[in-house]
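I have placed the structure first, in the form of structure tokens, so that the comments after it can refer back to it.
By letter and in written order, the chains are A, B, C, D and E; residue numbering begins at 1 in each of them.
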């Protein structure tokens, strides 16, 4: 099961990399979602270490909570991105034109 | 309920409350504002008189309020405090009258008088502070309350002067804060201890720390006391209206700094301990240098108020000098100069204000023959100027006398040379003014003359400088009378400075 | 009439002219200059020796009169009466205006106080008042020459007052009181030649003793009659009186200093005689040289007394009459000369060209001013410039604020997290 | 047995590698549309992974919310973005963030690599067997009022989290609304296929949702999954061009929006007053209470998610902007 | 009566009342303002009640659902939580009264529900003892804050909000990963149990790195402050006040709590503390210098927040030797900064509203006509600068005392420099109060409620200087800093 957890770590890192690397907000939002999935994977993969067939269900509940939070945040972020794009014409965070 | 525990607070409140009310008053409520101002000033004077009598007869006035565990706000009326607050409250009354007339019909008077009262409140607080933290509190409050007064004119120049003032004072406040906290962390108390300070027990252990603390505290107070090289703000602050300059130089800011130096040397370190540490010597030299330096700079100023400002730099250092000489007689000289310089300098500034307000004169080069046009004003100015030079029997003479004999007493003869040099320089920059005013022919037109009918100027403008000039004269001539500054200074030295 | 009342009269003689000096008062009275002298006249007429100390006054000063001083007082009253009379009938408006009267009365009060003072502080106070008052009289309505004289006098006055103040401090340090009865003796016992020289030079400056005679000579050229008339009687005589009363005569001898002073006095006399013979421009100048001669003589006597205290005891009582006679004679002579002689006119050339010394001082002033201020200004501007330049340099701000943006930030987050974890381990 | 394990292992390995690969591709490909499609695929694979990890509830939630709804949200957002870009004449290409990136170019991957290695090490350093809270859950199941353990945790043991989470959803909707209308919508009439599909699918979806809700008490399923399925029905309707219009601002609609979180909070408060304990369900009524809470939550979640998809504020608010 | 008060479930009220109030506001937009104000008022009263309760009974612990720690979620209130709740209540009252005047009807209906949810989230955050629950409250708080920050619309506000959203989401995710590691390492998410079970291990180190980094990002500690100035600078003023005064403090609170309970004793204390201290010092200097360079008032205030955050982190290196004193100082600073900064933003909002702009160089036209706003700004500035007798002064005093006692002169110097710089940028603004300038072309009246709420908050910040003894004694209920009292 460590394998899944490792992949979780990998997803987290890849997501973080994309979050840093790309300017487009939509991709940043995607990256955050991937990072979240990675964390969920770690949570659930390690929950199987009970030594029995039945895994520990508390992380499952946590992940469900996390998924809902993630979708809420994604929705908010997408709307914000669209508003920003409507204002500036680009779905990017401009670093320079702060006045 | 014991009145004695409330009186110090009441004295503070008696100017704070009118000030706060005045902030809320509309601009046109002139009469109410005047009544409030004068009422506050008179009440304060009465309360101070009460305390003066009480302290003379050995009563104690003390208010305490817990601030932090082990750290209290203490307001205590000792002889030294009373000396300062008596001066402040008398001069406040006079200056208020003057300011009311001076600022007639100018904008933002509610704001002005509000901060004016707060400024006095802070000064009184500084005077009454019974420990270093209380002192610090009111000292910073004073900075804040005077800043609006300095920039009151609202011109670009005023704004810059205000910024400069703040740069210096906030910096000084920061040094003071470090010193205070450090001291507190070493001793666990900040209570002023008359007759010897509270540090001598830990002296051996923290020798170097204490020297640095001393330097920090003196630097912090030195900013307001305009000790060289921390004096830069004072001449710039001259853009303020004349009553403000008068108050700044005579009572509030500059004196608070000087008073702080007195407190540090006598009530925190204790003069013997300070001498043992070897810190009074440098302080004396610094003060002496400032005395000469200020006078030299004053020589080259054409702007009357600037010349007076540099004169203040020089004169206030007499107080520091008197303290740093570290002898009982010199100490008396220092602290009575606190009062004497106040009386004389406020007279000079009132007169400068009168000249500006009545004739539009700001520069010394414009003062030709002004004595003929405004004889009373210039008479008062003359008394003030001669007092500054140290001519007998005006108050300044008494101060110098005690400083001189005090220095001789502890074998520091060099001080006499400083005193002489300073007097010489004082004469060099004051006498030409007098000469111009009295003996040159007046021009045909004054720069900007106001018409006051037959009088030389409005009487509320004339009355304050005359009163203060008479007081300055009386403080010199009647120096041996009971309740005179000198007598009171001796009481202070007896009760607070030196172990009987 | 008891002694206390007499004592009060002493104070009245001083304070009355002082009060009258306020313009608003004397302008309402007829003949204020005469009225002001009246209390002093009364004092001269009161019999016996008396004094009054006021405990509230500074250093508990006291005024007193005794036999010797009565001579001086009478003399003073006389010359002031002469002075008042000389102006009373003058058609000159300016010498009679309010300011002039004020200075007249101030000087009068100072003079009376100086005569009546019985301790060092009172003497010092009143002589200062007198000095500045006399300066005022000297400078009133004057020409350039007098102006110069007044300025010289002023500087002498200030310097003298400073020296006397130092002397006073020394005396105050050694003594409990500052009465004339005790101070010279105790100061002599303290063998303080510092005190001696401070006092001597101080009064020498005030009296215009050679070589500090410059102001005196110039002052005699003043077009104002009044100051010239009072010159010998007021500043000079009072300075001599002061020297006599302040100097430390007593058991201990200041042999070296005494001889030095004695020689100084002789040189002064010699100088005066030489000038007298060679450089006589006007009869008033003659009086100036006579004055210098007389003061030289006086100084010689003082020096002798200092060197030989035992001799001093014998002849010191002659000095006051000497002063009186000298002053009365000189004043009368001045009056006569001044009436008969037109005041010498100063050439316009001289008017324009200020003295070289003066010019130099002004030059130095300017130089110092420019040098100092410009230095300061230039240094300040460069300072500001440097500061502004630093403020503008943005490159060091870039890593944190502007360009690095999101990616750098998050990398920093990662790095921070890593380092925290690493540090934590 | 061994072959089975081997098979399972290789399946796991394949799944894992494709997850990582998909993530890498979707985050680095040029085309955003492709990225989103890949993200949906990634979500479905994640659901598979959850199943492999014995987490069917999570799998359901992932499939419905993570892949389905998020995908729909992303797609519409991208469509709207394209419209905006066409209007404004701006184009987007794959661009690295900030020009000064060069200096950090090597540092970032290195740091991330360190992070990955470190975290991997930490994961491996964990003890191989750890019961977590499974024993506690098992002991207390009897008192939870439901027989499905995930539901018990979600609504009873850690019900307080869920209570706050409902508010997170609500807040995000309020936030979306508060930003105002995003674009002038390009209304496209759905083609006949979609139209027909929707007519068939919506009732089915409603039924599925009801089943999921009901089954949640004793088997995988529950409010979130049911809500998102129901929301999917709403999304379909919205895609077809149905617009709630004025409904959104009406009180009944708003009541449905807040019913879930509101009822939850009121229940918490009432139970505190009655039993002196927040959210302490009486054992005998726990099942009913949880069911009631789940039902309202389902409705609210569905409506909130659908409204999030619409992302248009109700009209009544617009008038005052 | 007294018993009823002592037993009353204040904690439940604190969490549920704002949430339900928010729902009511959302449902009935006509009475949103009234409901909002009443809710905030009663919430503040409940803080008072809770204070009384824990003052008498000591710390308060409540097992939600009756399950108890490892399985269920515990609520926990001690002096530290109480102080944060009190700061929240004060600021909430002031900001709510202000907002009642500030937001016009359209914005009002959106503002109130979100704000009440934010308040509920803050209260829940300060009261929970469960790190996963903390994550949920963090998210609730973060999303609500983002929604509020973008409320004004416009390019700047939206950019700020977007940046803020990304930062807060990233911070939460990183935090969540830390929580996941902790849970799997030690089998619980309860703080107290974790403190008992945790032992120094890679899990702890990694979790600490993740949690601290995430929370530092959310607290906007230098150099992770980049999102704060644009977000706080462009949000509507009452929102900026909330964000600066409360929201950043909330994540600091979590960091502090976890440091005190879990990480402090387990990680290499000195090294980490030194790093925190360094960053804090850098934040003070950097934030202050940047604040001084700003030309817009609100951005300046926002940078000032960056600087003030730094002071809180200076407590870490000091606390290794003198825990209680250093933390008390930091919390006192946090409290007074909350009040002062809120007052400052509100005053700036008044100026902005009156003159229609917040360019510092043109403020003279505005400030003179708003004496109350100027007074509020000045008084708040006093506390920010740390001049006596304000709350900021007491905080600085306490911290300086600790620093000097330990001979940490570098910290002393940084603090003093920070104070000086603060004075510089505050007086840069106040200088305009006194210059004469013509009145602006178009000015908009500012309601009295807005003027007074700013002023009263500022006065409260100053009066805090006189309340040190009661506040400090309340803060130490339950001995929240006791654990870190390790002798080196």
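The criterion applied here is as follows: a residue touches a chain if its C-beta (ideal position, glycine included) is under 8 Å from a C-beta of that chain, and two chains touch if they have at least 3 such contacts.
In this text the structure is predicted, and so the values were computed from the model without any measurement.
Student: Would you pick out the chains that touch chain A and also touch chain E?
Tutor: Intersection of chain A and chain E contact lists gives C, D.
Student: Top contact pair of chains, counted by C-beta pairs?
Tutor: A-D
Student: With centres defined by CA atoms only, which chain is the most remote from chain C?
Tutor: Centre of mass proxy via C-alpha means gives D as farthest from chain C.
Student: Where the CA atoms of chain C average out and where those of chain E average out, how many Å apart are those spots?
Tutor: 70
Student: Please report how many Å separate the Cα centroid of chain C from that of chain D, as a whole number.
Tutor: Their C-alpha centroids are separated by 99 Å.
Student: List the centre-to-centre spacing of chain B and chain C in whole Å, with centres computed as mean CA coordinates.
Tutor: 29
Student: If a residue has to touch 2 or more other chains to count, which residues of chain C qualify?
Tutor: Counting only residues that touch two or more other chains, chain C contributes 403, 405-407, 410-411, 414, 417-418, 421.
Student: Where in chain E do residues touch at least two different other chains?
Tutor: Only 71, 132, 136, 139, 143, 146-147, 150, 153, 158, 163, 166, 170, 177, 181, 183-184, 202, 205-206, 209 qualify.
Student: Counting only residues that touch at least 2 other chains, which ones in chain A make the list?
Tutor: 12, 16, 19-21, 23, 42, 46-47, 49, 58-59, 62, 65, 69, 72-73, 76, 80-81, 83, 93, 95 - these are the residues of chain A that touch more than one other chain.
Student: Applying that definition of touch, give me each pair of chains that meets it.
Tutor: Pairs of chains that touch one another: A-C, A-D, A-E, B-C, B-E, C-D, C-E, D-E.
Student: Please output the residues of chain E touching chain C within their complex, sorted ascending.
Tutor: Those in contact with chain C are residues 163, 166, 170, 174, 202, 204-206, 208-210, 212-214, 216-217, 222-224, 226, 263, 266-268, 271-272, 275, 279, 286, 290, 293.
Student: Which chain E residues qualify as touching chain B in the complex?
Tutor: 371, 375, 378, 382, 385-389, 394, 396-398, 400-401, 404-405, 412, 416, 419-420, 423-424, 427, 430-436, 465-466, 468-469, 472
Student: Once bound in the complex, which stretches of chain B touch chain C?
Tutor: Residue positions touching the partner: 299-300, 371-372, 375, 386, 389-393, 397-398, 400-401, 404-405, 408-409, 416, 419-420, 423-424, 427, 431, 435, 438-439, 476-482, 484.
Student: Could you pull out which chain C residues touch chain D in their complex?
Tutor: Touching chain D from chain C are residues 398, 403-408, 411, 414-415, 417-418, 421.
Student: Can you check the complex and tell me which residues of chain C touch chain B?
Tutor: Contacts found on chain C: 23, 55-60, 99, 121, 124-125, 128, 132, 136, 139-140, 154, 158-159, 161-163, 165-166, 168-170, 172-173, 365, 368-369, 372-373.
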